[in-house]
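Before anything else, here's the structure in question.
Chain IDs A, B, C and D follow the sequence of writing; residue 1 opens each chain.
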Amino acid sequence: MTIDTAELPDPDGPEDRPTPAGNPGWLNEDELSFVRGRIPIVYVEAVPVRLNGLGQVSEVGILLRGTPEGEMTRSFVSGRVRYGETLREALFRHLENDLGPMAFPQMPAALVPTQVAEYFPMPGISQFVDPRQHAISLVYVVPVTGTCNPRQDALEVTWMSPEEALSASTQLELPGGRGVLLRQALAAVGC
Amino acid sequence: MTIDTAELPDPDGPEDRPTPAGNPGWLNEDELSFVRGRIPIVYVEAVPVRLNGLGQVSEVGILLRGTPEGEMTRSFVSGRVRYGETLREALFRHLENDLGPMAFPQMPAALVPTQVAEYFPMPGISQFVDPRQHAISLVYVVPVTGTCNPRQDALEVTWMSPEEALSASTQLELPGGRGVLLRQALAAVGC
Amino acid sequence: MTIDTAELPDPDGPEDRPTPAGNPGWLNEDELSFVRGRIPIVYVEAVPVRLNGLGQVSEVGILLRGTPEGEMTRSFVSGRVRYGETLREALFRHLENDLGPMAFPQMPAALVPTQVAEYFPMPGISQFVDPRQHAISLVYVVPVTGTCNPRQDALEVTWMSPEEALSASTQLELPGGRGVLLRQALAAVGC
Amino acid sequence: MTIDTAELPDPDGPEDRPTPAGNPGWLNEDELSFVRGRIPIVYVEAVPVRLNGLGQVSEVGILLRGTPEGEMTRSFVSGRVRYGETLREALFRHLENDLGPMAFPQMPAALVPTQVAEYFPMPGISQFVDPRQHAISLVYVVPVTGTCNPRQDALEVTWMSPEEALSASTQLELPGGRGVLLRQALAAVGC
């Protein structure tokens, strides 16, 4: 699916796809293109963190993805919420997809997210840009306790200190305004 | 628009509609029906409250709507977020639409909502049901300081004490599980 | 310490006490009595919960304590924050004290609590009463993954469904207004 | 009261004092010194902001105080919670004291603060330092709609854009780690 480039919050790559048969929430490219031009699309995003024994953030995980064009770019765990899928199911599915089955995320007890981010196709409407669509993203900070082995080929998790995550150089590597979003999300957990 | 009955979080009545010309976010009935069966639809909902001088909730506003079938039903301020519209614009538009131009709502400084509610067309997936669609609703408690004069014909605002709002009889009058949602939203403001 | 009865959020029992030597935060009975009559005392409280794999609350833990007078009463994990102790340290200490060393609580990543409760010695000022003192309590919902074996003699943890926790009979068993507080705290996690 | 220097979150100046007669929460200097060395002291802090019509932060207010030593320093609205006083009463009292009677603050409907800050007398325990005491501060972002005329002599409110408030130079002017706290508090309102 060529329109899914690295700037997008959701790769929606082949592995992320259900088989179309019988799932009303599966959209072919034309249909996805249609809805993306007509209504806001719901996303969940997650910033994986490691906590020390008292709950303080010791490390922040940032994904490194390869784009179809061969560039590398930083991103969060991220993806679309499907028709008929709960937010928890979508969050868990994308965590597993992006971090692997051994990450053992601590799923949030509350559905209220840490931040809400609005992405628009054109800059200036909000702090966040997604050239593909108008997306409304519920952003969670999710502690993980296991080992992260991204399932998709061009994907790694880089662990860094909160200070490094908040540094100007990391902020600049996050496209679409996600540097600001990372700062806002980490603020809620005392970083 | 006949499919908008009282069970729906958003009347999307005529007054609520933009003219279609040039607005990619306007959907005709077929298109709306298509997207409602394919992806989750984003809503904002608001529980209007009156505060005393120290910020404590003194009254809770519940809307009374007439359905196309002539029944009366309770609801919150509620409506869809349009393509290209920010959450704040959508929230303000629906507050004005449902409470009138003199309600003077105190718009929230934070986008993170008080509650997130997931509505599904079939019961049992979550606590909330919307026969029309899979809706993801960001729910805000919004203080109002002015006079509420709903613009739409069959609509009134009933003000009640927090105790009355939390009573079993009020809970039962709110369709689709919104009695639980009202309780959850008011809990965040100490009721 | 006879003034510590079951109505109090913090037993501050012998096990909970540091040795006085060298700790400026240790208070003898006269000093504790003095400060309790002069300034608000900071408490942390925790509602232990069990989550399913997607993060939804499946069970709520309520403590059963024996009072010095031989009565049984319900309570939360609860206790005072000592001078020089961080909120996380205090929360962890009281969780371990009340649930045992094998409870494996998931410490919150954020310091902002689920609820803030104000207890006053006399009823009518707020929803919550503590005959001993003016206490300001930061209340957290804390998932536990291990086995709870309260360390103190007259103490058990009763696990119940969210519905049972919200029932009128459970609410009534919680003294000092904590039935309302339990309802408010559980609302934040979708119950 | 000479121990109240600019580093302190609460000036507790003469105007801020009740008359001692009959108020058990009034502390003379010896008593205040005693409790400050023995238990954490509860504070409320407020970051005043101005909102645009949709609720977005347009300006941030920072106080400029003169210290007894003749230095100028930046601070938030801040002060101690007295015995017998609710958090709302304390917040309102300090807002009125620091911003004047015509500031018309929008008191928060929820008691749960935007951030919780822990101040310790010695650096390294948390991000925040208060040489006077161990303070636990509930921090609120409070929209004001009126005119701010600080009542105390050496006090002004400087209004600045969110960008300016987040700039390195402003951060450095805020003592005790409050630059970080300001960043964290503003993150919650989308700055």
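FYI, contacts are C-beta pairs under 8 Å (C-beta built on N, C-alpha and C of every residue); 3 or more make two chains touch, one makes a residue touch a chain.
If you're wondering where the values come from, they're calculated on a predicted model, not measured in any experiment.
Set against one another, A-C and A-D show the most C-beta pairs in contact at A-C. Here the repeat of B-C among A-D, A-B or B-D is A-D, since over half of its contact pairs match by residue number. Counting every residue number used by either copy at the subunit C-subunit D contact, over half are found in both chains. One finds 36 Å separating the Cα centroids of subunit A and subunit D. Chain centres here are Cα averages; for subunit C and subunit D they lie 28 Å apart. In subunit C, the residues touching two or more other chains are 86, 111-112, 114, 188, 190.
On the side of subunit A, the complex with subunit C involves touching residues 49, 51, 53-57, 86, 88-89, 92, 106-112, 114, 141, 143, 188-190.
By the touch criterion stated above, subunit C contacts subunit D in their complex at residues 24-25, 27, 31, 34-35, 37-42, 80-87, 111-116, 118, 120, 125-126, 134, 136, 138.
Listed in rising order, the residues of subunit B touching subunit C in the complex are 127, 183-184, 187-188, 190.
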